[in-house]
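Each of the next two complexes has chain A plus one more chain, namely chain B in the first and chain C in the second.
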Partner chain A sequence: MDEITSLMHGFSVALTPYNLGLMFVGVILGVLIGVLPGLGGANGVAILLPLTFTMNPTSAIIMLSCIYWGALFGGAITSILFNIPGEPWSVATTFDGYPMAQRGRAGEALTAAFTSSFIGALVAVLMITFLAPTVAKFALKFGPKEFFAVYLLTFCSFVGMTKAPPFKTICSMMLGFALAAVGLDTVTGQLRLTFGHMELLKGFDFLIAVIGLFGIGEILLTLEEGLAFKGTEGKINAKIVIETWKQLPKYWKTMIRSSAIGCWMGITPGGATPASFMGYGVAKNMSPNGKNFGNGELEGVIAPEVAAHAAGTAALLPMLTLGIPGSPTAAVLLGGLLVWGLQPGPLLFTEQKDFVWGLIASMYLGNIVGLIVVLTTVPLFAAILRVPFSIVAPVILVICAIGAYTVHSSMFDVWLMLVFGVMGYVFKKLDYPLAPMVLALVLGDRAEDAFRQAMLGSGGDVTTFFSNGLVGSITVLALAMLFWTPVRALVGKIRGVAS
Partner chain B sequence: MSQSENEPLEKSAVSTKVMDFVVAVMFFVLGAVVMWDSTRLGAKWGSDGPEAGYFPFYIGTILCAAAIVNAVRAFLGKDIKAPSFVSVSALKMVFSVLLPTIFYVLLIDGVGPIPGLGMYVPSVIFIAAFMVWLGKYKWLMTLTVSISVVVVFFLMFEIWFKVPLPKGPLEAALGLN
Partner chain C sequence: MNVASVSTLQSKFASRPVSKLQAKFHSTLLTTIAASIACALAIAQHTSAGAAEAWKPTKSVEFVVPAGTGGGADQMARFIQSVVAKYKLMDQPMIVVNKGGGAGAEGFLDVKGASKDPHKIIITLSNLFTTPLATGVPFNWKELTPVQMMALDQFVLWVNAETPYKTAKDYTDAVKKAGPSKMKMGGTGSKQEDQIITVAIEKQSGAKFIYIPYKGGGEVAVQLVGNHVDSTVNNPIEAVEQWRAGQLRALCVFDDAAMPYKAKVTKELSWGDVPTCKSQGLDVDYKMLRGIFMAPGVTKEQVDYYIALLKKVRETPEWKDFMEKGAFDQKAMNGDEFTKWLTKEEARHQSLMAEAGFLAKK
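Entry: the complex of A and B
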């Protein structure tokens, strides 16, 4: 039980008054980010990342990951009270959450949503605690070709698993890789795709892309949909909380199913959003009350929330063990690790024990803090949503501009953010998914290095990716994910003809 | 919800089909540029392993190929959810925020020989302009909100986290540099 000892050590790292304070600050900022339109988990963390450059890495990651938990919690508030998903992963929560609120059961829905989020996260953290060290130990055996095969698997799963048209997913992914290639090539020292512009020497920072794509783009989209928020009152008191908690154990089957879906979707780069839809869909099919889903069924709030939060948390497992983030927000956290001078990947578990186990311990504590904060402060955050858009919008734009500037203290980045903003707006409307682009931008250089080294090792022979059982099976799995959609369609057709 | 019911009646500024096609063509051009630059650097197998353009060349190739498929799909009108990409009124709304934001960044950065005003003064102007113009607030309320928000930012960045933001003549006059 090495994990338990390590975890206890982690608690001793995380449980200082300073770190606990940061957890509260992080969760409150996170809920705020989750509630406000245009500030999501990914770009909220991106904007606040520069503030942590001077902190020690463990405290910094504790605060940033707590912002992420807060954003996961916060999305549910707007979904239930205003029928506006504050985050994409809380869309499925609106289906039953809002009808409940309309019937005056908002407190119940909110309590159920928060508690389910907490349970989902807890399951995922338990999984990380016991699985991550094993995965990391296993990944220590990986060489460049295995790593490239894992990158390939990550990107191929995107094509196979997102709902967006596959060729659009490929386009936005390749755009990310192309942007990542811009600048100085570290191996040959040559300048790529800079066309004589000195500003492009260092390449594109993905933090700027995240702030533009998700921040500015989102604001522009929100504007189109109109500015008024019409919501119901959300009151929570101890009596409602206890009454709701009494009902929750009934739904243990739904919770287990949704946790499993969430953990799986979080590790593979499906992410929290599809997990929440899948959790909802499965619960609807399996529940005896399935027909009543959509009319304000408590189970319809529990299912997507457990899945979303489990997925959001589980996304940190591949980030910590392999250096491959499972979601855009995990990608931003990975960017943070690099800035603090830590090399994400399997060695982290042997070389940076304090950091890793401090982070894992803070996941337990951060979610407890999160649950307490959201249960006690819902009316406050609901009030923030009543601040008119004509004040909220410019303030968010100012925050984005400051956030983009502080990354490298460069005005060029602020302009770049605006360009990415317009791009995000157009891409969103045309169904080009943004997450693969961000991940490609983050992982581009690392994937290329792995590819080059693998190629060097084999002397340019591509069959090296099939040269042993391990790398071969990862590559085959990757190709299977890539062709998953057409193969499934073909099988469906053949079956249709046969019957 | 009245807005979505009226949507079909609203004039469309540009159709999704056209936009989809144009974006696909732009992706193709970008892919071609990446391929061209990669061949310039050398996309082959050099004496010491893969050259600088080796990996990006493949990226460019895949980008071009995927863009062609998307362009054809757009031309055939596949996966289109709504016929209108953006209605005239929505586009106006978007520009009513985008243009002031560009102006705001110009104020911070300065244009050509005109120096910028730093981060703080333009932020006050930007928030205030929105409040007066879109929110129809009174001046007193506007100034109170915009100035206090920016003062909070100043305290947070310059003093608490010690992250300096660009400053202009006003900060210099107040000795806050």
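Entry: the complex of A and C
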């Protein structure tokens, strides 16, 4: 098999002490970037890109992609410990990760999250290794209508994900759509809902909303509860890793489902964030433990993490084969390729074998390195929970403010973060779910663009969403997901009556 | 475990995590500091002694890109950054910052607001003219300080290589035959350069397209490969790889003369072999500015520093490769000549956009 030979060659390129050293440096930097909310993988890679100008392209991309893996791993840490997603794709990890941490199972949740991330990545890398050309062709099949169908599927699989009443979920989601609509409208090129305020023309950044809603909101809530001392019973030792690993194999079905979702969303390119939500939603609907999701179920941590990391990894495939980035971070890496004198595109695989297979080999190695780095730090991170909240809270507040500022280097965003914080607090007090709003905020804009592009193309004909096998089946699947929860509830009722 | 050992354990952990957090802060800080020191040291050794520059940056220079990551402007900015770093052309680091909100208005307003700040430069594309005209956001190129035109970016009419169209005329005839609003033209953004060219093609040929706006040029090229649109007017650099792979066909270039690059890009063709649209009966001529501007109120000395810096950038072999790969028109100018060019170009955009009905309602 050609791929195996090429891959072995790739390992010989990647496995030098220098490159291994870069991997460790990259992963550690990446984890730090992942932990700091706001300073996302894309920002982090962009900031560190200049450091790689003098390296050879293969070493440079190994280091930068390791930063990327690190950020993917690191995003879960603050989600689980403090209910503050470090990265957009770890929002879904908070749903069950944080309740676990509150019950003293932080170590378990972290181990599960990291291991799941690793498994997701591994599946995606295997796919890249053996199926890249085929899969690249599949990605080309995605036009506006297909993209809209994918977003529709994400929203539909989300319904019934939270325990809140449907009315509250819809309210929250609609507010998210409204916020997503602020700024420049791609289709008409006009500014919308800015009311003449120039600060609003860039719209509401998802990251700032997340930092405010989750981070500041959570702190306000905890302040009110009198600086409660949470998660004190956290077991902190290396055994916890082994114990958690023992539990993981029984969730193989969830892992397979989430890997498939992740690979697909990474290629199309939906990205890691929708993948994590979809992974969580599907697991909740399909799992026998679905009812317990949201109360600290291990499976609820595994599902989004596997999907997010698989998607994050798979996002590099369209970048390498088509020259389109599957994620913002991939977009920055793409810029890097040009700087190093490589042109991403259909010919990269044939013309730059060393580089491509070196990178693919480094994906295997980088994730192994990443797993080792993060697992050894599980006890350390879990121990943060033992610090009195009165000390941690100000630190989190400062980190949040720095994070919000770095997104656009704008002080306005810091104020905006505080406003979102109050909003998050109010939402929590009134028992409205935050996640639907976040999801709508991150995908609303893209879903709207895709819908309107499809409508322009079809002359306003809605049947375009059933016009071919691919888009038709995604749309049908989406509608099926939408009605799955009520139908299942109905069936349950009928059965209950019958018996 | 007895009570005492538990409490010692707790105290151990209570002190460690804090220092861990601080360590994290420190290490990020340290990395940044270490990196900048390393840069500064390396640069200090190589600074050309005795250069007659009266002014030099005293802190890091922010290079604003009024567009998202991965697009043409972003690529060029990061490329300039890499050349400056590689040849150590500047004592201070150059940092690329994307401020693409509101079709670039975010970036332009940021630089406009940074009056007299010599540590901020911005790369422009056609949105320098189109964004204020189409959205009514209050800024004008005259409120910035023009520094240097780096190059002009060409536009090429592309179709999928699987289609039978060999010339621009074949294609516009097919569009006319299909009837109005049947064939799709994909482009970057709305009421920006791609749509302006589309309207100009429609005017010239009588064909009528459905214009579908996307967020970035790379995305547009891939949509054409996937047959989701029928044609595009991508810049050469946005579609060159798909052209080389035999997935796209270049029909004509929107310039009054053919491109000067003779090296083969695909198996048979060079950029120079792409005919002008004018020669195909499609009299449309449009090129896009890739220029550098500074904030208002900077001194002549400061402008001259950047002109000299960018001159050095343009003299590197890397830059020449970059120009050739993207088939840029290597026209470069500064000073009065540049200002005159900008005035003319603004008037042209004003009339093009007025004709197309793209001006913001006052």
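In this section, the second predicted complex is superposed on the first by the 273 of 499 C-alpha atoms of A that agree within 3 Å, B and C clash if a C-alpha of one lies under 4 Å from a C-alpha of the other, contacts with A are read in each partner's own complex, and residues count from 1 in each chain.
To be clear about the criterion, a contact is a pair of C-beta atoms (placed from the backbone, for glycine too) under 8 Å apart; a residue touches a chain by one contact, two chains touch by 3 or more.
Being a predicted model, the structure only gives us computed values, none of them experimental.
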{"item": "Touched partner set for A:46, first chain B, second chain C, both or neither", "value": "second"}
{"item": "First (chain B), second (chain C), both or neither touched by A:469", "value": "neither"}
{"item": "Partner chain in contact with A:54 - chain B first, chain C second, else both or neither", "value": "both"}
{"item": "Which of chain B and chain C A:395 touches, first, second, both or neither", "value": "both"}
{"item": "Partner chain in contact with A:456 - chain B first, chain C second, else both or neither", "value": "both"}
{"item": "Which superposed partner A:430 touches (first chain B, second chain C, both, neither)", "value": "first"}
{"item": "Which of chain B and chain C A:192 touches, first, second, both or neither", "value": "first"}
{"item": "Contacts of A:220 with chain B and chain C, given as first, second, both or neither", "value": "first"}
{"item": "Touching partner for A:249 - first (chain B), second (chain C), both, neither", "value": "neither"}
{"item": "Chain B/chain C common contact set on chain A", "value": "50-51, 54, 185, 187-188, 190, 388, 391, 395, 409, 456"}
{"item": "For the chain C and chain A complex, residues of the former touching the latter", "value": "10, 13-14, 16-18, 20-21, 24, 27-28, 31, 35, 68-70, 74-75, 78-79, 81-82, 85-86, 93-103, 105-106, 109, 134-138, 181, 184, 189-192, 210-215, 218-219, 221-223, 225-226, 228, 240-242, 244-245, 247, 318, 321, 325, 358, 360"}
{"item": "In the complex, chain B residues that touch chain A", "value": "3, 16, 19-20, 23-24, 27, 30-31, 33-34, 37-38, 41, 45, 49-56, 59-60, 62-63, 66-67, 69-70, 73, 78-79, 81, 85-86, 90, 93-94, 97-98, 101-102, 104-105, 108-109, 116, 119, 123, 126-127, 129-131, 133-135, 137, 145, 149-150, 153, 157, 161-166"}
{"item": "Complex interface listing, chain A residues touching chain B", "value": "50-51, 54, 165, 167-168, 170-171, 174-175, 177-178, 181, 185, 187-188, 190, 192-193, 195, 216, 219-220, 223-226, 388-391, 393-395, 397-398, 401-402, 405-406, 409, 411, 414-415, 418, 422, 425-427, 429-432, 448, 451-452, 455-456, 460"}
{"item": "Residues of chain A defined as touching chain C within the complex", "value": "29, 32, 35-36, 42, 46-47, 49-51, 53-54, 140-144, 183-191, 198, 201-203, 236, 322-325, 328, 331-332, 334-336, 338-339, 341, 343-348, 380, 383-384, 386-388, 391, 395, 408-409, 449, 453, 456-457, 459"}
